[in-house]
């Protein structure tokens, strides 16, 4: 953990660096580029931070951040919402991507272009009740019924494999899997959540920390977010160079995929927001309400405690 | 091993003690439930969530049983073929042992790629997990048949088939049962892993959902359920063994 | 009438020549013992008669038929009783028949009764003492349909007193059924007490050094052991055996 | 088992055959590489990617070795304590067996939550995987010490300590080594699993990266690497065994 | 001079009373054999003298000291040689010394040489024949510092000829060193050939039925076996033993 006072390291010039552990949500990908840039370009160092970026393994990042085994990490609005309802002290401190870029993908030949086309098809998911509810919501809007969809649990299996086997559509991030499809020359149709309802335009992914960190080391949080923002800004402006930095940090990744994905994602990090990372209370409230209505939560969320903009460089003063 | 299980009262006592220590420690340290739930909380969840959990439980038990039976049959047949065809045994036995170092958890996704999401890849996983201990145990049992019994049978004019069915197979039963016992307990874990390859119900599914919704208590319910089913399977095989190879256990006691 | 003839049998294991020009015959109904130093090849002879090994030279003729390398022509009783532990005594003693074809359980039960194993017909081998196990093993050999019984040191694992009992018992049952028996032992007294003829093997490569005709009348009883002539015979056989070294 | 490994030429041949069939099948069916790469492609990737992969490999080997040593020491100590304190053995032995039904893969994430990302949770995982076969093998070895040798030692006046160090421990060596062999091969798989708990390098990390970037060929490189390291560990233990318990192997051959 | 005295020893296993009012003494340098039916309690007597079992009644006195339940006062040679397979013969024969304290390897080597085991000093037990193993086991007992050696059927697992060899060898070495020996056997001839005194046990609960003083002069040699008086003694002992049944 990093919450101890003796977690200092020296850079040789006598300056003390605060050791920070950052845990990813999965393997490194273009969602994380800003952080690698911030580390590589020395933005973290400028803030006096020595950031260690770690992959979480199967467990996912949330519990690790909450328990303080990691100081910061990548999370999702959905996860944080569920976590807070279970009294897990997670707080979102910045939205990595302003709008939800996920959607339901299917090979073009299946002709699934809107939610009503889901009917009679097989969806491959990871077994969460959220999926059924999301599909339900979309289909209701499109005057169709979720009961006509066969939902299958495909575990960790990726989109390309799944659609070869029994499955017609799955839920993907276009920025990674969609781009891979382009690279492979496979035509896919996307049904974006945001095209059908605002309630499902939630923040995914976000940067998160725990309540203890905010209470006890607000300066470190501020410093971290500041450096991360600089990193993402760089990635927005120099996607190609940022991709190289990511590739250098994770050489096992496919170069073409990273480059292309970075290009696709660069304008979407900040998108229409005034500043990178900003989160709106309405988004948190909308989504929590939607979840509660769909019986995905045991009790309503106190949305204002689930996130904060106070550490963003341009909002800090407010 | 068998005896100890029966006179395991002292074990039960130690187990109880461990639970009490755990309960007290969690209460004293005031550990949040999502980090480490108390045994009482786990127990409560097991009872209140039973109606939901039992569906998953049943599905896993069915899957494990099916896979276990398949694996046992396959394992025994493999052992028989390898034993009766010495050339094959020499070539294949080392590969069998090697195959145990193939990390199943890694292989699992590939199985889905090749065989889809149906029952087949799941059964393959469980079979892979189950057949090996049985094959090895049976082969060892066949080979450990005492030379003097074999010499007698051959001197008395037994042919290869008689030698196998009247001597080697019955002689290998105790060894075979050790293998079956191991396989039976493995089959449960194998079923849970295979459920991660995509299933609608099952302890594996339940566990994934529990951990993604921060219900650590449910994760523990699942862990304990896996242990209990394994134990149950073990006990059933033990009883079957007692019925079938009574001569061995009595012999061991009088010796 | 000649039942078994071994004609100039030779056998080597690699460079180790175990038997050289071995020959002897056994008549129908005869009780013949083989005595020889440890490792001289007694079990090897049995394995060849039983068809487990094939002689390098010579031929083995049983009832006029050459049985080199042919299994199932004789019945056998080894040193360890070799009863199958998962079979009841009854099912064990019919095993020899079972391997050859028809099983006659009534005869088996009758035989077990005569051998004093009445109580143990449905018992398992581990419930029997060493002597009782050997009785069962002999009955198994006796019940088998083959015309010749090979006994390979059947009593050497028993203690002195049980062994003496068993010798008397064997003599008894032999006198009743008169099967043809080829018997391997290390014990000169045992050989003298039981057999009609003792074949004394030389050290390897082994051949028959001496065929000693046992001079005692039948029926014999245990008093024989303490008689003067017995001691005399013992001295003679001992002498032949020693001179071999 | 040992002999077969040495005269395993026929196995090598069968293995080669399998690879050739695989290669031909992939070429004929024109299977896309992300679905099932050909052996040649895997081999090529292993060579071209070696400089990068070797770092991961080394890290896993180190982790596995460390965990294996820890697990062995812990396993042997446990066995000794349990053997020398019969009351403890009775109470704990069944629990040990029960503990093997705790699904490590499920427990692993909890270990990270409790112990963080350091070496500790990883070592706990490998130790849990490794110690059990050794403890069981050692306990069995101790208990199988022939009664006649024990009687001799006691009649000759040996005390408990002498009985253990001069008789039971040396006697259990062959059995112990079977346990150690199993543990050694398990340790590699244990290390890979533990790397999924969050690590920067290691075959586990490499594999996750490979599968998330759709590089099936690399997944296979990792699988084969795991098998080869396991085999290597096994061979090393085998050699050590030959040196240490020579008396046993010779005895077995002359018998 | 009395070395060992057993005074009215009683021992039961549960309801199974094995020994009842057993008593005998052994003098320094004497060779005493115990003969009795299987299961009569011979090994139980040894286990009590060795301290593995504690008598229910009576006391065991060695050299004037009560040793009930006390281990390490005697040295021992069992039926199976019980050599440790991972130790060389040399390291095996000093084991008795090692357990008690000081090890004298030179003496051990000298003794092995005399026993004809010169070539096998650094060999492992599996390289030795049964007879050689028993020699090593006896040397181990002889080298141990304790004043009394217990031999429990040491030759019963050997074949006839090796056994005869071993008897002569034991007699030889005993005559050289004159250790005090308590010897269990089933074999009357062996007991007569070797001992000064034979204790004949009754069936259970066992007591000494008869203490038979062996009438032959020492030194003895193998011709004794074929002598008239030997046969006579054998008859007598056999008679005592039989009458017990």
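For clarity, chains are labelled A, B, C, D and E in written order, and residue numbers in each chain start from 1.
Here is the rule we use: a residue touches a chain if its C-beta (ideal position, glycine included) is under 8 Å from a C-beta of that chain, and two chains touch if they have at least 3 such contacts.
Chain by chain, the UniProt names read as follows: C, E = ABC-type nitrate/sulfonate/bicarbonate transport system ATPase subunit.
The structure presented is a predicted model; accordingly, all values stated were derived computationally and were not measured.
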Mutual neighbours - chains that touch chain A and chain E alike: D
Two chains joined by the most C-beta pairs in contact, as defined above: B-D
Of all other chains, the one whose Cα centre sits farthest from chain E: A
Cα-centroid distance, chain C relative to chain E, in whole angstrom: 33
Chain B-chain D separation of Cα centroids, rounded to whole Å: 19
Centre-of-Cα separation between chain C and chain A, whole angstrom: 86
Whole-Å gap separating chain A and chain B, where each centre is the average of the chain's CA atoms: 39
Of all residues in chain C, the ones touching two or more other chains: none
Residues within chain D bordering two or more other chains: 35, 105, 109-110, 113-114, 211
Per-residue overlap in chain A, given as positions that touch at least 2 other chains: 59-60, 63, 67, 161, 164
Interchain contacts, given as pairs of chains that touch: A-B, A-D, B-C, B-D, C-E, D-E
Parts of chain E lying in touch with chain D, wherever the complex brings them together: 46-47, 50-52, 71-76, 78-80, 82, 84-86, 95-96, 98-100, 124, 126-127, 144, 146, 150
List of chain D residues in touch with chain B within their complex: 1, 4-5, 7-8, 10-11, 13-15, 35-36, 87, 90-95, 97-98, 100-103, 105-107, 109-110, 113-114, 185, 188-189, 192-193, 207, 211, 216, 219, 222-223, 226-227, 230-231
Touching residues on chain B, where the partner in the complex is chain A: 32-35, 109, 112-113, 115-118, 196-200, 205, 208-209, 211-215
Chain A residues within the chain D interface of the complex: 1, 21, 23, 26-29, 54-60, 63-64, 67, 69-70, 158, 160-161, 164, 180, 250-254, 257
Contacting residues of chain B [partner chain C, same complex]: 148-149, 151-159, 162, 166-167, 170-171, 173, 245, 247-248, 250-251, 254-255
